[in-house]
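Every chain is named by a letter (A, B and C) in the order it is written, and numbering of its residues begins at 1.
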Amino acid sequence: MDRKVIFKGRALPLLLLLPQLAVTLVFFIWPAAMAVWQSLLQQDAFGLSTEFVGLENFAEVVADPAWRGAAANTAVFASSVAMLALGVALFLAVQADKAIRGQRFYRTMLIWPYAVAPAISAVLWLFLFHPSIGLIGRALNAAGVLWDYQLNGSQAMLLVVIASAWKQVSYNFIFFLAGLQSIPKSVLEAAAIDGARPLRRFWTVVFPLLSPTTFFLLVVNLVYAFFDTFGVIHALTKGGPGKATETLIYKVYVDGVDNLNLGSSAAQSVLLMVFVIALTVVQFRFVERRVHY
Amino acid sequence: MEDALLARRALARQRWARWLAHAALGLGVLVFAFPIWITLVGSTHDAATIGRGDVPLLPGGQALENYATAWNSGGGTLRGNPAAGMLLNSAIMALLIAAGKIAISLLSAYAVVFFRFPLRMAAFWTIFITLMLPVEVRIIPTYQVIVNLDLFNSFTGLTLPLIASATATLLFRQFFLTIPDEYVEAAQLDGAGPLRFFRDILLPLSVTNIAALGVILFIYGWNQYLWPLLIINDRSMQTIVVGLAKMIGNGDSQNEWNTIMATAVLAMTPPVLVVVLMQRWFIKGLTETEK
Amino acid sequence: MLRRTLAAVAAAALAFVAPVQAQAPAAAPVEIQFWHGLPQPLGGLLEKIVSDFNASQARYKVVPTFRGSYAETMVGAVAAFRSSSAPHIVQMFEVGTGTMMAAGRAIRPVHELLASTGVNIDFADYLPPVRGYYQAADGRQMSMPFNSSTAVMFYNKDMFQRAGLDPNAPPKTWAEVEAAARKLKEAGIACPMTTSWPAWIQVEQTLAIHNQPLATQANGFRGMNAEMRLGGALMVRHMQNLVEWQRQGLFRYGGRDSAADGLFPSGECAMAFASSGLRARVMREARFQWGTAMLPYYNDVAGAPRNSIIGGASFWVMNKGPNAGETGGRSAAEWRGVAEFFRYIASPEVDAKWHQDTGYVPVRRASYELTRRAGYYAANPGADVAIESLLRGGAATDNSRGIRLGGYVEIRTIIQEEMEKAFQAGQSAQQAMQAADTRANAVLRNFERQNARAAQ
């Protein structure tokens, strides 16, 4: 872990650390502490009257059907995005691993959506699925499917899932392809000599070898779906219709910014923080275990 | 005899599998490119054609006008907010974030790896925990901090909180740990101080890592949404991603979609070019920062 | 380049002239910070009024800043107040009125400002539904009314003709609207009617026009302990009709807030209930004959129709911060400057011009008269429908004065969400309105609790 040979001095290293520490303290520790403190208060928007209420905000948030709805939406949304993005990426990576010629070309053509911001991805898909001007939206309506994501909650959910998963496929593809290429060819050849059919060979030999990558990607995709997709929802559905696409992070924003309900918003933030920390701990645990074997 | 037949069959099966793979990949590429293609097409027609719902599959002849409008004056409710200015703002934001993160991470990783001092690990862990919480989670209190510091509507307020992330520090720390002790010993024998060692030896060795990280962080910065949405409401400082989302408003079918699509193309061109042209760095940066 | 040169020349000329004109106070003008939430082109017109005011005198300089949408402006002002850097004047949409009024030390009521600075504004000349929306229960003016609109019906005369309807006799009652919609549908028109601002127009306006309460305590005017009354018979009946009409293809839900605005000028929908402020856009974009009419009503409801309520925004005067004390953190000259600016925008000439340029209603009778005498309504038939609608049925009642509920931004979203659920056929009209009541009451109780002490 540590180096043997080091430089002497005390002031210099502290000076070198100072910028990073200052930024961390001011923009991380302070706001995080403020979130915790505010989650224990009931306050009017202007901060003129403050009442300490203990854990009451948390009790209210957890009992609130709207928050539970948002939690359920988040679960559906995040798992759909992760499954779709992982599934498609794995399929394409396996194909790219087989195709020996043109691999670089395919890789280039498949990775650039990663560079597209989630909010822009929302605009692109909106333009395709808009019920009255979108190519696909109009085609669906012409084919007799009543397509209107502004009124149909499941359709709205489908649209935000597609727009969010689309750009994440690129990311997963890069990792899966790297994972596949690091599997020794001898292992595959041995399996081939055993006479296993390709599909069976994939599930019994290749997929288990990929499982560390898959697990890592699952966590990354879940975190992406939880937080980075705010732009997709904000630009596309604003959480509607009804509350059909309101996720937890979107609700934090709406309650804090639009509704000026700081106590409740802070309590929701704290709950999300706890969740992220738990997820990160699980991930590190797993990574450590992987290092051992 | 039998072996030859089997081998030929296996070969045929392989070729067949390869064809299938190419077909699947081709389809994948098409599906991925389709939204972009339609966006490009949409940016070359007039607003009335799109408003009627007659988006064709082939480009029209309005490209120059649309891009000129988007570049010079903008469209939708943001009329008067030209893409040129928003692109500049996004570029400033992305470069400041990338450069800032790399700079402060290099320094702190250097301090943690090459020195011994009290509270070294405490400092490291303080930085490390920032890795856990994305800025979105503590968005409202961070916003209040910015207002208290009077950094609202400023590039400082826009970029500084996003610099506080530990990913880059971790990466440089890992890398510095792999640098052989001989380098340090040689430098010390030459009488080089820690700062000269940093400048003359460590920085040149880190160029690859800096480039790789720079690509990732540029894209990260360029694609920020929630934070600029909250911290900037001066129209002259609007970034292009937020500006574009504001243009579509409620998804009104009578929007100036041609201008909006031209703006969308302009908004994604810089990061896409960075990824495609710097693919090697990009993949290196991605697979090494995240693992 | 040329523009910059001109500006430089103008500045040089001003520098030359100004000292001659304003000899007495050689000091720099007192700056008044003014945040507004109007995007282009309205924002530009508003800023023009401000620069006209600045040019009209040398003592005060109002500095306008666009702070994003109304909601963003509100959040910005609240955050600025908390860090003691609030602007002098902030433009706040009408749904924020309840929140602002409960804000106690954060605001300086307009009547107080005028009394302390000795500036007089004749609020008696203001249209009652406009001034009433921004008055305390005892009739004192709390904020300065400015851009105000109301809801009207736009209809496509060409489509009416095609469906065999009289293009000069728009439907007056909901029964007539329904009948017209059926004929339009038979004539092959895919969207007979739609609505913008579903909560503001189909709920708030509908209740006001029929003299029915949206909430107890005179829609909250008499106290923060008001309770929602959306589950009343009329509202459920109207909601049921909308859902039923939507199912039959007579009505099209076009989305929240102003999302449906484009459906009328594009020629998709034959009838549209929208803000009177949409008029400017319809004039610019519609390529067909069209007309304007007042909102329809149910003629079997006693006392209907009454006046509609306003939408839009007013100007609030803010103290600098929570610890600003008696002076509000401002000098006497600053307060005086704010009052002078208000006197300027209250002048009938400024108001009439704003009305004609933008499609907002004139807020004063004097400016209405001025506009009429200038022949504006004769040249622009239908431009006065909004004013007639605001004055319909005489003095406003407890139910038609407006909405004074805290946290109403959130409540309006709740209403729209529950309406969407009813349109999705997820729940009946009755369930939707009851659910909206329950959820909105929770917001009201929360607000009451948070503000009970702040208001003291």
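For this structure, a couple of remarks:
In this text, a residue touches a chain if its C-beta (ideal position, glycine included) is under 8 Å from a C-beta of that chain, and two chains touch if they have at least 3 such contacts.
None of these values were measured; they are calculated from a predicted model.
For subunit A, the chain whose average C-alpha position is most distant is C.
By number of C-beta pairs in contact, A-B leads over the other of A-B and B-C.
Taking each chain's centre as the average of its CA atoms, subunit B and subunit C sit 41 Å apart. Rounded to whole angstrom units, the spacing between the C-alpha centres of subunit A and subunit B is 16. The residues of subunit A that reach two or more other chains are 132, 150, 257, listed in rising order. Residue positions of subunit C with contacts to 2 or more other chains are 82, 255-256, 259. Taken residue by residue, subunit B touches two or more other chains at 51, 144, 251, 253, whereas all remaining positions touch fewer. For subunit B in complex with subunit A, the touching residues are 17-18, 20-22, 24-25, 28-29, 32-36, 38-39, 42, 50-53, 55, 103-105, 107-108, 110-118, 120, 123, 126-127, 129-134, 136-142, 144-145, 149, 160-161, 163-164, 169, 177, 181, 184-185, 188, 194-195, 197, 219, 222-223, 225-226, 229-230, 241-242, 244-245, 248, 251, 253, 257, 260-261, 264, 267-268, 271-272, 274-276, 279, 282-283, 286-287, 290-291.
On the subunit C side of its complex with subunit A, the touching residues are 71, 74-75, 78, 81-82, 99, 102-106, 253-256, 259, 268, 322, 407, 409-410, 413, 416-418, 420-421, 423-424, 426, 439, 443, 446-447, 449-454. The touching residues of subunit C, when paired with subunit B in their complex, are 39-41, 65-68, 72-73, 76, 79-80, 82-83, 85, 255-259, 261-263, 265-266, 285.
Here subunit A touches subunit C in the complex through residues 42-49, 51, 66, 132, 150-153, 238, 240-243, 254, 257-261, going by the rule given at the top. Every residue of subunit A that touches subunit B in the complex is listed here, in rising order: 1, 3-7, 9-10, 12-14, 16-17, 19-21, 23-32, 34-35, 38, 88, 91-92, 95-96, 98-100, 102, 106-128, 130, 132-135, 138, 150, 166, 169, 171, 174-175, 178, 198, 216, 220, 223, 227-228, 230-231, 234-236, 249, 252-253, 256-257, 262, 265-266, 269, 272-273, 276-277, 280.
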